[in-house]
Amino acid sequence: MKNTAVLLLSAPMRLARKGAVAAVSQFLIAHNGDLLHSDDHLDSGRDLFLSRLEWDLAEFDIPISDFERHFQPLADRFSINFHLALTDYRPKIAILVSAYDHCLADLLYRQSTGELACDIVLIVSNHATAKPLADFFHVPFHLLTNPTNKHDSEREMLELFGQHVDLIVLARYMQILGPEFVAQYLLRMINIHHSFLPAFVGAKPYHQAFERGVKLIGVTSHYVTTTLDDGPIIEQDVVRVSHRDTVEDMLNKGRDLEKVVLSRAVRWHLENRILVYQNKTIVFT
Amino acid sequence: MKNTAVLLLSAPMRLARKGAVAAVSQFLIAHNGDLLHSDDHLDSGRDLFLSRLEWDLAEFDIPISDFERHFQPLADRFSINFHLALTDYRPKIAILVSAYDHCLADLLYRQSTGELACDIVLIVSNHATAKPLADFFHVPFHLLTNPTNKHDSEREMLELFGQHVDLIVLARYMQILGPEFVAQYLLRMINIHHSFLPAFVGAKPYHQAFERGVKLIGVTSHYVTTTLDDGPIIEQDVVRVSHRDTVEDMLNKGRDLEKVVLSRAVRWHLENRILVYQNKTIVFT
Amino acid sequence: MKNTAVLLLSAPMRLARKGAVAAVSQFLIAHNGDLLHSDDHLDSGRDLFLSRLEWDLAEFDIPISDFERHFQPLADRFSINFHLALTDYRPKIAILVSAYDHCLADLLYRQSTGELACDIVLIVSNHATAKPLADFFHVPFHLLTNPTNKHDSEREMLELFGQHVDLIVLARYMQILGPEFVAQYLLRMINIHHSFLPAFVGAKPYHQAFERGVKLIGVTSHYVTTTLDDGPIIEQDVVRVSHRDTVEDMLNKGRDLEKVVLSRAVRWHLENRILVYQNKTIVFT
Amino acid sequence: MKNTAVLLLSAPMRLARKGAVAAVSQFLIAHNGDLLHSDDHLDSGRDLFLSRLEWDLAEFDIPISDFERHFQPLADRFSINFHLALTDYRPKIAILVSAYDHCLADLLYRQSTGELACDIVLIVSNHATAKPLADFFHVPFHLLTNPTNKHDSEREMLELFGQHVDLIVLARYMQILGPEFVAQYLLRMINIHHSFLPAFVGAKPYHQAFERGVKLIGVTSHYVTTTLDDGPIIEQDVVRVSHRDTVEDMLNKGRDLEKVVLSRAVRWHLENRILVYQNKTIVFT
């Protein structure tokens, strides 16, 4: 079990160069924080310095609950925005799923083997299909009371989740969520869209791809925003298709991509590797 | 030097199954045509049988100029549409290019080593940049008289090409051609678009891709139709990018894709491997 | 539910061209067998014609149990070797697994959703780890009595399988099987090797890959022969790694490849798409 | 034209964490060196901290020729090994080539467009084939006097190059160079091997790959060491093949990979992005 802290930070580039990088390093050294990983990015177009630092807490001499108080003066000096995360905290995630449960099965298996460091606290669906899977992995399963009513379903979920859910994963949920719901989980809700965005926004993308005669199909995992399929992209991948592939074959090939791409996005989120700005992501891998 | 014939054909599926396949095979055997390759595709959605046959002409006992007369009765019987091509005919191609000459350089080199079995009879450009390259490969170079006037330029090219050009390759020509010009070279004009279509239609696709924050960029080679970037796709490929890639890096990575993807599309066209229907391609590779 | 037959055949190329192709087509037509797919390959180096034909049995007028008797004269005339398979027959497969059960979980899930048209009749392991998974999917699970004794284990399995198993899948079984066992299941036993063969034969290939500093890691699915990791390759795939990837990261990335590549190989085998000759495979996809 | 410096450094990890990182940052800040890029790697297995720093020299107040004297005390304090490179220095490269000139043509074109920031000072070959290409790009071409005598050829080249060549590129040179020659250009000589190493070491790898029936073929760019095809790997890539690909098709597909992979390796070397240790490379991209 790791006992580390991760700091994601951004600062104006000019200030970062003129001492912020050194100051943050020295702050950690001064408090016996052994640096394990550091990864930087300079975006000169936006005048931004962005960084991810991970350090060992074993001998770190600031109580982590007190970190903010100690770090804030330095942050103020260099106009640093920061987000602190503790590796030993297991985020609580809820998975929303429809009748297509391949991504759900995949996430549950990965979580059970330790690949995803989180607790899956709830599975919500508009179909009963996934209940046996949920039972096998000992995860509570909630069937929506009135699945055809979007407004009711969203209220029901918001009540269910309360303050207990850190991340929502839309594992082929197939419903467009309203702006009020989305606002509650901004940058805390990950979707898998079964096309290579921005191509084939909206419904039935494999059918659209088939009709257009593309030679590769893709999938996209992204944070959900209020504009459909337009949120910050976390990960994408593609697979080759040919005239020999029917729509059914594309659906099959696509499912393999969906599982891999969604699980990567979720893992990177859980490992605090993703920084979002300007509707884009930086993934520190 | 190969001395073979290629037959691309399509027929209603039901008729094809009820004897067309066997009948065509027997026709070739009866005339001492040694079958070298055959590749079929059945599209049940469209009720179409599509096929590419290649056979040796060494002992074929029909003079190839007389093929149509001999084959037509069989074609009529099974409602077969067909297109015959001779491998020893070297198609004449004209390349249109702007100041970006990487695809041109690549095509010229490939043609010179024998990878592309064609004669490049003319290079046309709105810039003088590519002239030394053309000279080195001993290909006539024509600078458009009035490059800013689209109408004049298209007239000028149509006159230049006359009946002598079998295929036009737009090797990053960067100009949208008018419907009259396009109509003259329907399914005989190949473009390379520097995005993964249908994403990022139109101008500056790498900049669009950068702004959208995609994780892969792609390129698309397609036949030109009157609707911009909407013709039948011949080939596509992608390459991974990350936040570390600037627009300039994307342009660099994209150029490598453009060369490979365009040259594949041109080679398949030259080798008579492409069948087009319903605004899609079948590539028999 | 499909009701089709698949014929895999090979014949000397010269004879195939001189009428075998036409004769087989006509045989099917004469007996009201609607051809659904046909795929050919000519290997001029080996003088071989290879083909896969699939046709509808709905109106086929030969009882399929009697097919061989009717087809044999034609086969003899053109020296055709053939193998007939019926799509409505569900092959019985046994899966051998060790403590690593990710490929097993993947195969069970795919079978349950209908992606793999087979019956998984038995799971055998030298560890109890996979028992709950087997139970969930209602597949009998057999723990080897004396797992450290290879000879006993192989005898035990041979007795268990008897004549009831059509295909054995080594889903990361991690034991080298003896020549006697292999001989019983020649071309009916598929392994997943966690390297891009022929690189990194033998044990701990990801560790070998890490030490060598390769930039891509791969996996290979192949039929098992008596020479270690040398059987006919069915499918391979790779994923990019960098200096940022630890051996543990490689194991993670590799697992995703293993699942996809093994399941593809198994599906192609089940769909009778694989022809083996000269220690190589042709996969008619 | 960039006016920057690049520092590649390595240090014991423990010392790096205890202040080396901060000390180097502060050193640059103290001397008005604007940091443009920084990329780190911690290899805990080898207890090594590795880093690449690039900074603007515009206002840097140490004359760069004097850098070592100023930096050495800090390096000593933290046991830092370092290598300094100036971006405005254009390395001088010699290209060795045989009759296969596709990689040569590709490198010359890339250099001419500015993609490779170097001067190609000499092309050496055992065939006259490439002379026209060399002439077109105005690069001196040297035909080896006695190409069949390896010892003489290597002496001849060593004399030709003298102290004037920073990097040798083996662009499909097809000759194994002796240990004495290799020793002169250790980590300054890049080869392209036309297989996915460590698979298919030695001669005719595409033929070996064809015989083995692999489903992907690859190429590898690496620094040359005295053990054949065993030097530190810089870059690799693969492309899919099938039973439809002849050896000739593999050669064609492979050539496209060779050009791209070799040019990437050369560019990364020229941009001082490669750190070598333990016979492996770290590429800071």
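Each chain carries a letter (A, B, C and D) given by its place in the written order, and its residues are counted from 1.
By definition in this document, a contact is a pair of C-beta atoms (placed from the backbone, for glycine too) under 8 Å apart; a residue touches a chain by one contact, two chains touch by 3 or more.
Only a predicted model underlies this, so the values are computations on that prediction, with no experimental measurement involved.
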item	value
Farthest-lying chain, centroid of Cα atoms versus that of chain C	D
Separation of mean Cα positions, chain D and chain C [Å, integer]	42
Averaged-CA centre spacing for the pair chain C and chain A, given as whole angstrom	36
Multi-chain contact sites of chain D, meaning residues that touch two or more partners	244
Chain-level touch network, classified as line, ring, star, complete or other	complete
In the complex with chain D, residue positions of chain B that touch it	102, 105, 109, 113, 115, 132, 136, 244, 252, 256, 260, 285
Residue ranges of chain A touching chain B (in the complex, touch as defined)	41, 43, 196-200, 212-216, 218, 232-238, 242-244, 278-283
Contact set on chain C toward chain B in their complex	16-19, 21-22, 25-26, 29, 34-40, 42, 44, 240
